[in-house]
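To keep things simple, chains are lettered A, B, C and D as they appear, and every chain counts its residues starting from 1.
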Amino acid sequence: MTGSDTPGAVVLLTGFAPFDGETINPSFEIARRLDGATIAEHRVIAAKLPCEFGAAIVALREALDAHRPRLVLALGQADGRCDLSIERIAINMDDARIPDNAGRQPVDEAIVAGAPAAYFSTLPIKAMVAGLRAKGIPSSVSQSAGTYVCNHVFFGLMHELAQGRQALRGGFMHVPLLPEQAARRPEQPCLPLEIMVEGVRTALEVALRVRVDLRETGGRTA
Amino acid sequence: MTGSDTPGAVVLLTGFAPFDGETINPSFEIARRLDGATIAEHRVIAAKLPCEFGAAIVALREALDAHRPRLVLALGQADGRCDLSIERIAINMDDARIPDNAGRQPVDEAIVAGAPAAYFSTLPIKAMVAGLRAKGIPSSVSQSAGTYVCNHVFFGLMHELAQGRQALRGGFMHVPLLPEQAARRPEQPCLPLEIMVEGVRTALEVALRVRVDLRETGGRTA
Amino acid sequence: MTGSDTPGAVVLLTGFAPFDGETINPSFEIARRLDGATIAEHRVIAAKLPCEFGAAIVALREALDAHRPRLVLALGQADGRCDLSIERIAINMDDARIPDNAGRQPVDEAIVAGAPAAYFSTLPIKAMVAGLRAKGIPSSVSQSAGTYVCNHVFFGLMHELAQGRQALRGGFMHVPLLPEQAARRPEQPCLPLEIMVEGVRTALEVALRVRVDLRETGGRTA
Amino acid sequence: MTGSDTPGAVVLLTGFAPFDGETINPSFEIARRLDGATIAEHRVIAAKLPCEFGAAIVALREALDAHRPRLVLALGQADGRCDLSIERIAINMDDARIPDNAGRQPVDEAIVAGAPAAYFSTLPIKAMVAGLRAKGIPSSVSQSAGTYVCNHVFFGLMHELAQGRQALRGGFMHVPLLPEQAARRPEQPCLPLEIMVEGVRTALEVALRVRVDLRETGGRTA
């Protein structure tokens, strides 16, 4: 009932509503499957965020207030990616290639005016990648979460944390399409839900247990 | 008990031994899982082929003689592919980028001297792709099986069929890496064994039931 | 003045009309630039083929009759390719992903009923790749010319040769987009016209001088 | 003789020494070709930076002190990219996948301890992309400059600017391989030097003339 990371402590796991013509979004399907699970003595609470600039951060903030988690992992769908990719950095910029679910399409707008240009994830991203790979689940570090609603929520999360929820750690993971989505979109990689659920469970377990990240390269030359 | 496609009839499903430094080959893992299964009233018999030019066709021919199947589907592993890809054509050419498991590396050699330049698959490749997609399993037609041991076996199979086993139909499917392989090789797509087993089962079922292929594009401009 | 490969001998170099919404096709731009050039004592004659199934082969046959070349190189545009890719094999199959310029979209139709399943290029494809690379021009062997009008013409050409123009050698090269095309289509590789012209000149020179191809791998595992 | 952006004003254009086994680096070849040119009434001064963490920023700072430019564009080579890609953001993180030319391989180290997590380019990146495309030169906005020496220099530059050279504007452009490099590395896109020189000239001209960037999407969903 007292300290951090004790029974009673909560992990918030968010996913998004479907977007871009899809009727399903693997990010929320994963979160829903893990809702109520216990991982490293934390209870997982899932939340569904709208795929809308602005409203997604409002919903995230409400979930933070309601559940007072110790750790937050936000999930989002990424076409064209093969693996569970752990994002390194959130940037203070919206630049939407397509409209969001409310029809808004911000271009080159700061997410939070006056806030820093970027925040690094405060999760042990290298250890999470290593933990996933050790279980035979493909994973890598990603250097960009894009400039759409995923990055928007990731930045909103990290800004919240920086503003005074500093005991709270947070980060973002992009996940591939589901097979049923890829079956309609040739040449898109995918992973089935079961392996992604197992992967997110593993990533959360590592994130909860590891405080000092591995020193192992996950960079790119460009 | 005798006629085609009756109980008692056999489907031969081949996979390869691991190659190129791998310790597992998804193609044979799939075949092994389906060994003994009944699909569309046919019994599946799995065979493992060596990843060796020449010897692979010898082993295939022995399996054809031993089991007298009604239909043959040969499977092979393809790095970099996202889906279950059904090959359209086998070409009469070995051109090995890397040595095979016996250390041989033929370059620009005919597989069967004097044989045709190529054979088309005699399986209903478009219907197989459509059947897989309908089950939410990513699949596409491929226009090239490469020039390594996979194409070698595919050509050897089709040449056997053309030589006098003409009641027998045959074809080839390339499959992606397994997640445990992709976990060691970043940026490679993969599919888990379960979905590939389900996919091959579906493809065989379609191949056994469909005699006239769908007229649905699966081509490429280049 | 009469024999093969003497002054007076002709090389036919074909390119296509623009297609798929484009207003330019690099394949014909290259051919046009080399029209009238002398390469290895042969005069280059360029011909423009319509991007239409059927009509393209008719136009090719007319050019063969009119110019009685010693060697034919057909060129075609390939989105998504980075280099000058020399095709290994033409297959007897049309399967159009998009309609041609006349609105026709054949699916799984033989190009020439009763003809072989495929023909190999009779040009020294490995020596051509090596010659291009030696000049610093990116090039590779391609295992599939697709199933659209490019493969259609390539097959039509090789079938003509097999039918009684056997002194004549022929092959096909796919070329990337031009920069001005890629500037409108992000993430598409390209090469400028000048380097492609130089590359085709080099390829023709090698093709005219080399009769026995190099034994150097240009294959793919899948 | 008087204010900024008059004759006498200088643009600093940097490129890197070759790295990763190469003997040439297109980034410095471009800079060298434009050294001494006049663009939008500014004189271009080229500088070569070592491909070394730390030393590259020292060399950049010396060039800034020596030439007191009005605008700085740093160039770097990027394998696998097709176009002139204008970087949006520099991040305060070194994570080297391979050692630099001095054998150093920092992993997850801040470039400048205590500095912000990131800086945005202060060049009009959308207008630069639009200007290049209008000239038929492929270009796009990039959301990540990687975590190697390129990003290192870009961050070092933007930090210098933020520290008190605020009249100075700066940014980074990644460029593809040269054809002669791609000829040795199959499946890598490239652009010839001439088009890249023309592209950088155009980009500098736009950067010097445009103060308020276009509002045009250049983002990615992930």
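By definition in this document, a residue touches a chain if its C-beta (ideal position, glycine included) is under 8 Å from a C-beta of that chain, and two chains touch if they have at least 3 such contacts.
Source: prediction; values computed, not measured.
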item	value
Labels of chains that are neighbours to chain B and to chain C	none
Chain centre separation (chain B, chain D; CA means) in Å	48
Inter-chain centre distance, chain C versus chain D - centres from mean C-alpha coordinates, in Å	38
Centre-to-centre distance between chain D and chain A (centres being mean Cα positions), rounded to whole Å	31
Arrangement of touching chains [line / ring / star / complete / other]	ring
Chain A contact footprint on chain D (complex, rising order)	20, 76-81, 88-89, 91, 93-98, 105, 107-108, 116-120, 126, 141, 143-148, 150, 174, 213, 215-222
Chain C residues touching chain D - in the complex, by the definition given at the top	82-83, 132-133, 135-140, 178-180, 182-184, 186-192, 194-195
